[in-house]
Amino acid sequence: MEGGSEGMSDIIAQIPYPLLVFIVAFILVNIALFHVAYLTYAERKIIARMQQRLGPNRVGPRGLLQPIADVLKLLQKEDIIPNNVDKSVFKIAPLISLVCAGTGVSLIPLWEKFVLSNLNVGLLFILALSSLSAYGVILSGWASNSRYALLGGLRSSAQVISYEIAMSLALLSVVLMAGSFNLQDIVKAQVASPFKVYLIPQVVAFFVFMVCALAETNRVPFDLPEAETELVAGYFVEYSGIRFALFYLAEYFGMVVMSALAVTCFLGGYAGPFEVPGLPFIWFLLKLYVLLFFYIWVRATLPRYRYDQLMGLGWKVLIPLALANLFVTAFLKLYL
Amino acid sequence: MSLYVEVVKNGNGKSESEYFTINMGPHHPSTHGVLRLVLELDGETIVKCDPRIGYLHRGVEKLAEHLNYNQTIVLSDRLDYIASAANNIAFCLAFEKLLGITPPRRARLIRTIVNEMARISSHLLWLATHALDIGAMTVFLYCFRDREWLLSIFEKVCGARLTHSYVRVGGVRLDFTQEIIDELRRFTEEFPQRILDYETLIDVNRIWLKRTRGVAVVDAETAINLGLTGPVLRGSGVPYDVRKFRPYDAYDEVEFEVPVGERGDTYDRYKVRMKELHQSNWIIKQCLDKLKEVEGEPVLAEGAPDLLLPSRIREPEPKPHPKKGFIFTGKELPVVPPGEAFASIESPKGELAVYVVSDGGPNPWRLRIRTPSFVHISAIPELAKGHMIADLVAIIGTLDVVLGDCDR
Amino acid sequence: MGLLEIAMDFLAELREKFSKVVLEVLEKDALTIVCQREGSLELISYLKEKGFKHLIDLCGVDYQGYKSEKKPERFEVVYHLYNLDEKKLIRVKVPIPENDAWQYSVTGLWKTANWFERECYDMFGIVFKGHPDLRRLLMPEDWEGYPLRKDYPLFLTEENEWKGYKEFLESVRGAK
Amino acid sequence: MNLLQKILLIEIWKGLFLTLKKMLFERFVTIQYPEKDKVIPAPGFRGRHALVRDPNTGDTLCIACMRCVRVCPSQCIKVEYEVDKETNKRRVVKYEIEALRCVYCGYCEEVCPVNAIVLTEFFEYVGFTRDELFFTKEKLLANWDEFIAKAKRPYLNPFWKPRGIPEKFLPARKRNFTGV
């Protein structure tokens, strides 16, 4: 943990380290939750604009308090646990999803001097977490004792397996270029590189990564595990109240983490064309918002893939593409 | 857990294979109402599909036997509630054949316009839900945006947005005003532009193509054998359109093309319907021009029966005051001749046929309604075999079924 | 209309071939053939071969108490066939006696007849011989009576509870 | 679609730009009902039932001819009357409409020879109980008062005197009717 600005460092130094970590983590979680909550609002509002609708506008000015109202509503709702479900798994599944999706935030370097845990294998850790978060989905699908949920869980497991590979391969070429698994180092290597961002040399990898990120977070056009018009709500069809909200949160957390990872690995992280005094996170957040907007934009436009077509796309297009890109990168790295 | 997998046994009691039985509907979001499908799945592939209908069965055929001819038109609104004007017309055509009356030309032109408006509004709703089923959410709302306009025109025409009861035996109930004609003109001018919106989003979109190409392919012979009609049949390349084959109303006066598909898959059916939107628009334009020629003509035929034919269902009421005028003297009421009549129209969903038997009384003796949705749903098991659940949703969408139409 | 003149040759052939089956040929709003139950299947399959490939409709009619015309039997099964090439409509009516209410199934000729016949069975109780899966369609499977028969009342004089509902209520109570 | 277009995802970008264009430049089509925007139904909209109040007597115009009762496809109208012994005219005692059964076809207003019943253009009515939507004669007259206070005078419902229907089909009262 590297502390804040120069003047603050004395005060910070006096706080015991575990407490400091706790405080920073608390702040980070709150910021992330705030972002996630307003991401749902932004999604509804942006899609509404694209569809020439007004969108949420009842709670607060321009509907700005809508996410809070949603959370309150979901908290008040009865937490229904149907008969014949596997109770312990049923209860714990949303938590697995949320924790695995949310923990990734701690590894992202938000600023040069602000990263909660600067792991040397940060990238691998994030990938591992995102695979684990699929367990929440699969377990909920199994435990719900509902056929639709089971199908959703099955689809999710297949999807995660096939897209994880392509995604890792795409990120591997970034790792090759930067020479490190540490996210902080990747950003630094990017800034030092001739293009300042890896987006330009690694555009194929970026494309593959974004498609996989859409699939990984179960977003349109790859929202098969929860495809509303096919499987009603897929894996969380039996969930209600706050447990449903946890799944919902996990999905948006996943979006935030994946976008943050894309920003870090391809768009130069916190570095920007010039320093903005007093606003250290501004470049990171701006890039993040652009990517999040992209998620929403795609959702408003595209239809959904079919299960087998999705697998086909993953195995026949993305993985070869990522592999080819990896080889080319390695070749160039070796001989140039 | 034996709960998840049901072992299907053959005659010997030996387990043959393991299938997954899933109950889709009647409250599934994409079954367009209360259709229930009992599916047997092998993984996600459909092995067997058994549609169960009747959740919206209101006994229209039975009720119609106890209502007089004009009153049954109100029932017809509730069949295919997306395009009730088309149902009204089908009923009226059958009754008019029975009575031997022809509506005046203005009424026929207005009916044609209303029928095509119903077709556009139905096709828009079909496109909206079909696209939504496949996942394109925005198309849904763009379609509803334009359908809303059409419904507000309907509201001006007859005072109701969905259940019009606008057509009546021997003509229509109200004439068009100049305001309606102007608004319809504006609609026809702008509508082709609106169609472009939808086409930009899905027409050549690779995901849309992947989801619709090669799904539920029916060749012409099978399509006829399955009784498919309307755009579904035309998608398979059979140019059967009742408007051309047995012209009714003013369809023999207007020019239009009957678009047909080649491969008979879901994409072709989509294309056929999109082309039909243009054709309907064109028909409305032509009819609006022709309306000028019959300015000021009545919209009800001479011998049209009054709304108030005595009905058997009621207890005997005291006779009304005899007064002068057509509808007040009971003797002058046209007597429905005994006999039978069959009329069919090209409703937006397919061929809607009405077969009516009369015994000379005020009520139909038997009113049989052959609805396209009923036949189309009966074809689902045939079409769905071997496809995946996601395709089944597309199949239900492409057949364009309305459960009110199916269950009657 | 001149339907008869157009179809003269065809009709003559038909009469000759099915002289025992065809009871009468009428010119109403469409060409109507009334035929016997025995042999009706052959007649219809002959018509199908002759180009009447589109079965528009198949329905039953109950003529109990029909005043304006004397009908030979209580029920009638009516087929509407359409020739897509020659644009001709033909109606085939098959009288079905009340006590022996059955008819040959045409599901072998048209797959679409499957549900039409199921509906006809559901509403009139006419059994279709050779139908692969003759169940009730629109009414619940354990429904009693045939709703579109003329002796089935529109309003019941006294409400009798549907058996299935009763059983369901009992099962729920039992579970509690 | 040629190969280059396919690789560059041209058609997907076209779709994406359409939605972006709609987001940035197009107006909303939805409205904020009921706070900001009011919905004005078209003339002749078949809404809440009312019995026209006769300005001279203050009572209904209805002559209890029972036509509406007989034409109603859903049989939701119930009328009781008594015959005045001296003038031999009928007087309405009870006029009830069960709005929850009504299908809003408008046949009643079309057959009424004296234009006594009308489906007004008022549509914003709800009730928490069935009784609230069971209109008695008093309620129907009150409905009319509520409606006519805001309506444009003279008020002529299109179904009272349908456009384009030959005049000889109409009874004398309707033929010469110009509105209330």
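Each chain gets a letter, A, B, C and D, in the order it is written, and its residues are counted from 1.
Everything below uses one rule, namely that a contact is a pair of C-beta atoms (placed from the backbone, for glycine too) under 8 Å apart; a residue touches a chain by one contact, two chains touch by 3 or more.
Computed from a predicted structure; not experimentally measured.
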| note | By Cα centroid distance, the chain farthest from subunit B is A
| query | Using CA atom averages as chain centres, what separation in Å is found between subunit B and subunit D? | reply | 25
| note | Between subunit A and subunit B, the Cα-mean centres are separated in Å by 45
| Between subunit C and subunit D, centroid-to-centroid distance (C-alpha), Å | 41
| query | When you check subunit C against every other chain, which residues touch at least two of them? | reply | none
| message | At least two partner chains per residue is the criterion; list those residues in subunit A. | response | 50-53, 300-302
| task | Going through subunit D residue by residue, note those that touch at least 2 other chains and give them in order. | result | 12, 15, 18-19, 29
| task | Work through the pairs of chains, note which ones touch, and then classify the graph as line, ring, star, complete or other. | result | other
| Taking all chains into account, which pairs touch? | A-B, A-D, B-C, B-D
| task | Report the residues of subunit A in contact with subunit D in the complex, numbered from low to high. | result | 46, 49-54, 57, 297-298, 300-302
| request: Within their complex, state which residues of subunit A touch subunit B. | output: 47, 50-53, 84, 145, 147-148, 150-151, 220-221, 223-224, 227-232, 299-309
| query | Along subunit B, where are the residues that touch subunit A in the complex? | reply | 3-4, 20-23, 28-30, 44, 131-138, 141-142, 145, 201-202, 205, 207-208, 210-211, 388-391, 393
| message | Under the definition above, what is the set of subunit D residues touching subunit A in their complex? | response | 12, 15-16, 18-20, 22-23, 26-30, 32
| note | The residues of subunit C that touch subunit B in their complex are 28-30, 53-57, 59, 61-62, 66-69, 78, 80, 84, 87, 89, 91, 110-112, 114-115, 119, 123, 137-140, 147-148, 152, 154
